[in-house]
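Each of the two complexes below includes chain A, the first together with chain B, the second together with chain C.
Then we have the complex of A and B:
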């Protein structure tokens, strides 16, 4: 019984990190109704930034987070101008295809350079022991950092001029334009933030689990599950969705082999989509 | 149907595919044409969803892979004859797609796309864990299964002709649907789903039906392909490269057109042949496919047929 409880707590810790990544996905959807199919590849980019920087410069894994955030931001702005700008206002099919094609390019470069070998970043953080159970320090630290970054994002969206502009554009782009908000720039910045969150959550996940160039697809699917649980376009919901997914993973982990979790999560995803097409935790549309 | 010129164009293409390699018993040509036929089959069935109904299906490779698995399993473990296995594989996958489609296709646009990405991951994860199908190591077929056909060499020819037949049926199906009331409904959904629903198109039913219809022939093609290689494993059956290539083909040829998709498949097969043999590009196949797709989506959303229609408006009357 206690073992299950420990597994659930560990699941919740990891779930917070999933939630952070999904906030990026949901932010982009909320602002411009575009699903960013490069999400998984950008998470992998974060993982590889972590691997390369710790390996080459001997940096502490956590010192890699600021460069991952900044690099992700600029990658996101680039992504906006390459793949998304011309797709705004066109059928969803087109933006899906265009972000998908960037994803292909990234995965293609990744597999050509690194192959599909497994990479691992060793992190030594003392764990927290309670009774017979030890919670890995890396998991606790990753969860805390994810929560802090999510809180900073919330403050940014609600208390800065640019953050308020992003929310205004999400609510009604024409009206935002009327009050002289430079909407194109705001859209580009939102994609930048969204990708930065993907990269930083990727780097955090890289401190927890080993990864390959192709890991992104699985995490991207988790991201979809989380956003659908939380309601697409709702960052706070995404964090709650992440916790819910972590809870589920923790609950099934003692009973089912790890390789089945994707099947279970996908089944859940379909059921939630059918039963609650607007998400479980979503209050209203445009809740950004 | 029989009086339309386009029907005879399809028939001529199928006949050329069937006759060319037989002249001079050209096995190399047969091997490259069977891949072209496979591409055309997969692409024209994806086109039913993507081009007609305007719904992107990122998981169309699932039909191919599952069809391959069901067929290979029936042949190897259940000792079923080849023809019955192929048809059963097609029927099973089609029924699964209908059941899944009825649930998931009530969702609109982007949500449906997410679900199709998920189904790819989930089915692959399922197959990798599924004991009777050999898990991640897959299933091997012994050559004795080809004995009723008179040995492996004869069987490869039989498989080739069947693949060409499946390709022909895919093209006829695309054409027949486009010319029917059902096809009109789908095209209306592709243009504007709300308006289509108001005009009385039963949108969820039509979407589920076309999703299921687009599963049948790719599943049989999967069965044929993996019978030919006598071996199936998850990474081949649910190959990321193949599934993305099919999307590139549909967009390259021109979504929503029958001719364009076949033309795109043929051109892409040529390009791929070049990429695979080139020193520099053989590792960058996905990158090239991605860049090509990005350029098409951004600058030429009509694809090749869009270009041809604009340059030669008269072709619109003949080429569908």
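Then we have the complex of A and C:
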């Protein structure tokens, strides 16, 4: 019994970090109807930032998070101008292809420089032991930081002018333009924030698990699942969706061989979509 | 103009044989996983090949009858992907005209290469794939110099039984042909030794989050662990079992702990055992080739890294092929195959002899695994040989962790 509880709690902890990553994806999707296929590559960028900065400067892994956020933000703005700006309003396939191309370029450069070798950042945070089970300190800390960053995002979106402008553009871009909101600037900032979230969640994941240049795909897939579960365009929903996914993984793992976890996860995902086509937590499309 | 071209053509045709006769070359082809998850282990094997090639060329080359042949390698990156291996071995044989082949690294890739080499009747020396299956399909020209998968963990099971006849074993391993074969054989051996197998699960080879599995190991009340796969998953498993305080008295992990990089895990590495094809401490007396100490010293001087068993097995692939060619006095695949069938020699790597019955042709029949364990030596972590007793360089450390850590 305790084993199942331990599994669930650990699942929730990791789920929070997945949720943080998905928030970036859902924000971009919700604001401008663009599916950012560089999401995985940006998470990997966060992981490598973690590795390079801790290796070169001996920084604590958690001190890398602010630079990851800031670097991710500017990378996102750059991404917007390169791949997304001209695709706004065009058929979704165009932006899909253009972000996918950027993804290929980034992964290609990454593979050329670092190969597909495995990288590991050692993080020693004392864990919490309950009975025979131990929750690694890194998992707990990553979950707490993910929750804090998510809360900061919520405050930003609901209590600052720019945040409200972003929500307005998500709601109805034309109407936002009519009330003199500088939509292009807002779109660029949204992509900046979305990529910043991807990068920082990548850095957090880097403190938990080893990674390669190609690791982004797996986490991006989980990000899509979480995003759809949580309702497109709903960052809070994404966080809750991440928790739901983590809960599911934790619940399933003690009972079936580990290789079945993904099968069950995706089967349930399909069933959820059939029952809730808009995601479990969405109220209305475009409501942030 | 026409006359000039004719003269040029005749000159080229008559000149070429002269060039060929000056340098006799044997071309050996192989692929290495220079990228992809198998890259760490593959590199050791490739260095072993290169070390042998440079040594034999430095001594004048391989002697075939009264001619000497320099060894030339043609190699490609298989990216750790089976499909690439098949394309590349076809290319090595048909376009690069490789006369002999070395295997890639890992059972899965070796099986893929074996299909091609057997179709073309070319000899392949296998130093990187321990799974028996390719040798049970009626092959004639593949020869395995390493101990096969079925015997990998038998030493670990015997050592565990000696230390704790009531051990409860959790088996958790990668879902790939090599690991599955090793652990299936180990399960049989454990049962016959009267040990309890309380958990038996495989995971996808690209798994990075072993948290749920480690929790299951804890829930199963196991006090011994056998499993792993290759470097990345094995190292991560060891680390996560330590962080989650799985408190196992015995851990045997495949492949990963045999690499010197494993020392980076620090306390998580202490006590972990690994079945090894070879360790620098073994003391076989070679009938030809370098002694163990010389190989270790010269390899490290050349590559600035310690020789591990991948390097030793790679070197042995070359040395055994050379021995067979020289005994056969010919480069003809059938004659060299016969010489390989007749091979019964001891090198620094161990005793090498191939099975010749059609059902297992080419399988290694004489070489034995040792069990190495990470222990503290003079304040530093290093591998000691702990099994079999005859090859031991240190006593077995059991239980591997203090109960209250």
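Note that the second predicted complex is superposed on the first by the 267 of 288 C-alpha atoms of A that agree within 3 Å, B and C clash if a C-alpha of one lies under 4 Å from a C-alpha of the other, contacts with A are read in each partner's own complex, and residues count from 1 in each chain.
In this section, a residue touches a chain if its C-beta (ideal position, glycine included) is under 8 Å from a C-beta of that chain, and two chains touch if they have at least 3 such contacts.
Quick caveat, the model's predicted, so the values are computed rather than measured.
After overlaying the two complexes on the shared chain, residue contacts for A:257 are found with chain B and with chain C alike. In the overlay built on the shared chain, the residue A:149 is in contact with neither chain B nor chain C.
By the document's definition of touching, of the two partners only chain B reaches A:228; chain C does not. Taking chain A as the reference, the larger set of touched residues comes from B, when chain B and chain C are compared. When both complexes are overlaid on chain A, the residue A:50 reaches neither chain B nor chain C.
When the two structures are aligned on the shared chain, A:22 is found in touch with neither chain B nor chain C. Of the two partner chains placed by superposition, chain B and chain C are both touched by A:111. Applying the stated contact rule after C-alpha superposition, one finds that A:191 touches neither chain B nor chain C. Using the contact criterion defined above for the overlaid structures, shared-chain residue A:65 touches neither chain B nor chain C, since it reaches no partner. By the document's definition of touching, of the two partners only chain B reaches A:269; chain C does not.
In the superposition on chain A, the residues of chain A touched by chain B in one structure and by chain C in the other are 111, 218, 257, 259, 262. Partner chain C is touched in their complex by these residues of chain A: 3, 6-7, 10-11, 14, 111, 115-118, 120, 122, 127, 129, 132-134, 136, 138-139, 208-212, 215, 218, 249-250, 253-254, 257-259, 261-262. Against chain A, the residues of chain C that register as touching in their complex are 34-37, 39-40, 79-80, 175, 201-204, 206-209, 211-213, 215-216, 218-219, 231-232, 235-236, 239-240, 243-245, 247, 264.
On the side of chain A, the complex with chain B involves touching residues 29, 33, 35, 37, 82-83, 86-87, 91-94, 96-98, 100-105, 107-109, 111-112, 214, 217-218, 220-221, 224-225, 228, 257, 259-260, 262-263, 265-267, 269-270, 273-274, 277. Residues 50, 54-56, 58, 103-104, 106-107, 109-111, 113-115, 117-119, 121-122, 125-126, 128-129, 240, 244, 247, 251, 283-294, 297-298, 301 of chain B are the ones that touch chain A when the two sit in their complex.
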